[in-house]
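One chain, chain A, appears in both complexes that follow, with chain B as partner in the first and chain C in the second.
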Partner chain A sequence: MSEEVKPNKVVDARGSFCPGPLMELIKEYKQAAVGDVISVYSTDTGTKRDAAAWINKSGNELIGVFERNGYYEVVMKKKR
Partner chain B sequence: MPIISRVLILGDGAAGTIMANKLRLLTDRKEVDITVIGNSPKHYFKPDGVHIPFKLKKYQNSIKPTRFLFNYGVNYVQDEVTGINVENRNVGTRSGKQFGYDYLIIATGNRFDPDEIPGYATEAHHFYDLQHSIELGNSLDKFQGGNIVIGPSSIPYQCPPAPYEFTFLLDQYLRSRGIRDKTNIHYMYPLNRVFTIENVSNFVEKLFEEKGIETHTLFNVESVNPDTKEVLSLEGESMKYDLLVLVPPHKGQKVITESGLAGKSGYIDVDRHKLNYGKFDDVFAIGDATNLPISKAGATAHFESEYLANRLAHDISGGIYDEIYNGEVACTTITGSGKAITLYFSYDRPPRASFQSKMDYLLKWTSADTYFSGMLRGVM
Partner chain C sequence: MTEKMCLLFVSGTVDKLMAGTIIASGGVANDMEVDVFVSFWGLLEFRKGAPVNTKVSYEGKDMAAEIFQIMQEKKVQPWIEMLRQAKEVGNVKVYACAMFSDLLGLKKSDYDPIVDEIIGVAEFVSMAKDAKMTLFI
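And then the complex of A and B:
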């Protein structure tokens, strides 16, 4: 994903610990429409693995995991 | 000397009661007025909820009249809080009373919201309050074999180890009845492991394997179908059950959201080291009412109250208190076969879980007595 991709929804879970960022992402996912791109910001390194595992298992698309300035960004597309 | 500070505590559960009693022990009642507002006639020791369905404990020993649990010099008002105005330092109640304060401590805990999951109310059992623990025990008495599905419906929930503790005790109970070989125990969890903390999860998962308990991870409950007896996940999976034991969805109290102190979740954002709310240095939240990234448990309320009571006692008397709360929690959790482990952890230090002992189980077993006579009274 290029830096310019604009997600429809951003979940800023920086400062929150596991499982906070994943739970916040799931909460946002439930309210999103199919096709929406959702991005979660997290400072908890476990989010990279946990969120990616959940996105894959739930049949959605993992667009990418990106290292930003002091945090990670996990980007997904709602497919179902 | 006249009263110099009025401390108002909202909530008469573990957090509110420990906080009031600890602060009372640290301050002079002629100088500091401490009032607790709560609406629970009985105080229930919730950790016994995992024992009661198996008749391992008599529920009569797990409840006490709330009004007898406060130390001398704590004013207890049995009423329901209906509005909190932190700008005007004012709290209103159902009976129409208004309370002012110099320090406000919000310890209003959780509420259960079964309507969050379609089908939950009519199908699911749980052990998170006394009535449901007893009802679950009655259903287990009639159970003769089949699929038992257990897990949390969502995160956060109170006492995170409770679902796996219940599962270990269930395995033990079914073996004692000679129907374990006719029963499949399925344990589901919303994350990609069986507990929030990774090294505890590894430990529990190993024990599950030894006991033949099947695990289903990344299973976030979406609904329950009463016709097909299936629990359905957000991830598109389903599981058949004959007995469903599902932790109810938790939320903070409505009055917190309605008073503008939190969003829809009802949990209050507080400073993780000082426990004060937003820009206010006279408003605090402790226990399950907060949004802190630590367990919603009595042990957390106990450690937070210890910190906050000391801080307020110093503050009121004009002293300096430069300690911070660092997320310390200690809890003893059952691992089955008459054993338990004790976990100590904080924001920065994950718990170690490697040593099970019968002594820890004894501590857990007698904890209701210790709770009512020592911990709640603020002397531990």
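And then the complex of A and C:
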């Protein structure tokens, strides 16, 4: 899979601690349309697993978790 | 039917209020309805204009100054703002204990708007009876 993702929406939650980035992602998700690709930037360790688990469990698509320079990016597609 | 989590906040120390708030957020992330019942020292921290809270549980007292400094440096959101965020994102209700409110003569208007209602213990227990999990923080 290409690491080049083109999200419709980016949530920059770098510097925010657990569960901040996940909560911001859920907030953005609720306002998004089905088919939107949403990306969250985070520096918090817990979010990497938490966000991926939430995306799968909520019936959405996890596009990937990417290591970036000093942070990571979790990308999802809204399915429902 | 939506699953429910009930939380009971009695302590007014930052460690416990923050832990409870984070668990409430975890409930929201798991699509649960979250009912928080607050009493005693916890409830005092929900008053409008409550002084800046620098209290920690007894076993953390030696690290209190250090931990608050770290939290400030790392710009950790105050627990009440985290709870507000959980409320914005999910279905979280905060209930003030009627007994303690009566004891101190506190009305709903004396509390931060995050408090939804003042309710009695029987009502809280009836909520907890239907909950998947209830945690005393």
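FYI, the second predicted complex is superposed on the first by the 78 of 80 C-alpha atoms of A that agree within 3 Å, B and C clash if a C-alpha of one lies under 4 Å from a C-alpha of the other, contacts with A are read in each partner's own complex, and residues count from 1 in each chain.
We adopt the following convention: a residue touches a chain if its C-beta (ideal position, glycine included) is under 8 Å from a C-beta of that chain, and two chains touch if they have at least 3 such contacts.
Since the model is a prediction, treat every value here as computed from it, not as a measurement.
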Chain B versus chain C as contact partner of A:G35, first or second or both or neither: neither
Touched partner set for A:S16, first chain B, second chain C, both or neither: both
First, second, both or neither for A:R80, with chain B first and chain C second: first
First, second, both or neither for A:G59, with chain B first and chain C second: first
First, second, both or neither for A:D50, with chain B first and chain C second: both
Overlapping contact positions on chain A, where the chain C interface meets the chain B interface: 16-20, 22-23, 26, 30, 50, 54, 57-58
Touching residues on chain A, where the partner in the complex is chain C: 15-20, 22-24, 26-27, 30, 50, 54, 57-58
Contacting residues of chain C [partner chain A, same complex]: 22, 25-26, 28-31, 74-77, 82, 85-86, 88-90
Touching residues (chain side chain B, partner chain A) in the complex: 154-156, 190-192, 196, 198, 218, 220, 234-236, 293, 347
Of chain A, residues touching chain B in the complex: 16-20, 22-23, 26, 29-30, 46, 49-50, 53-54, 57-59, 80
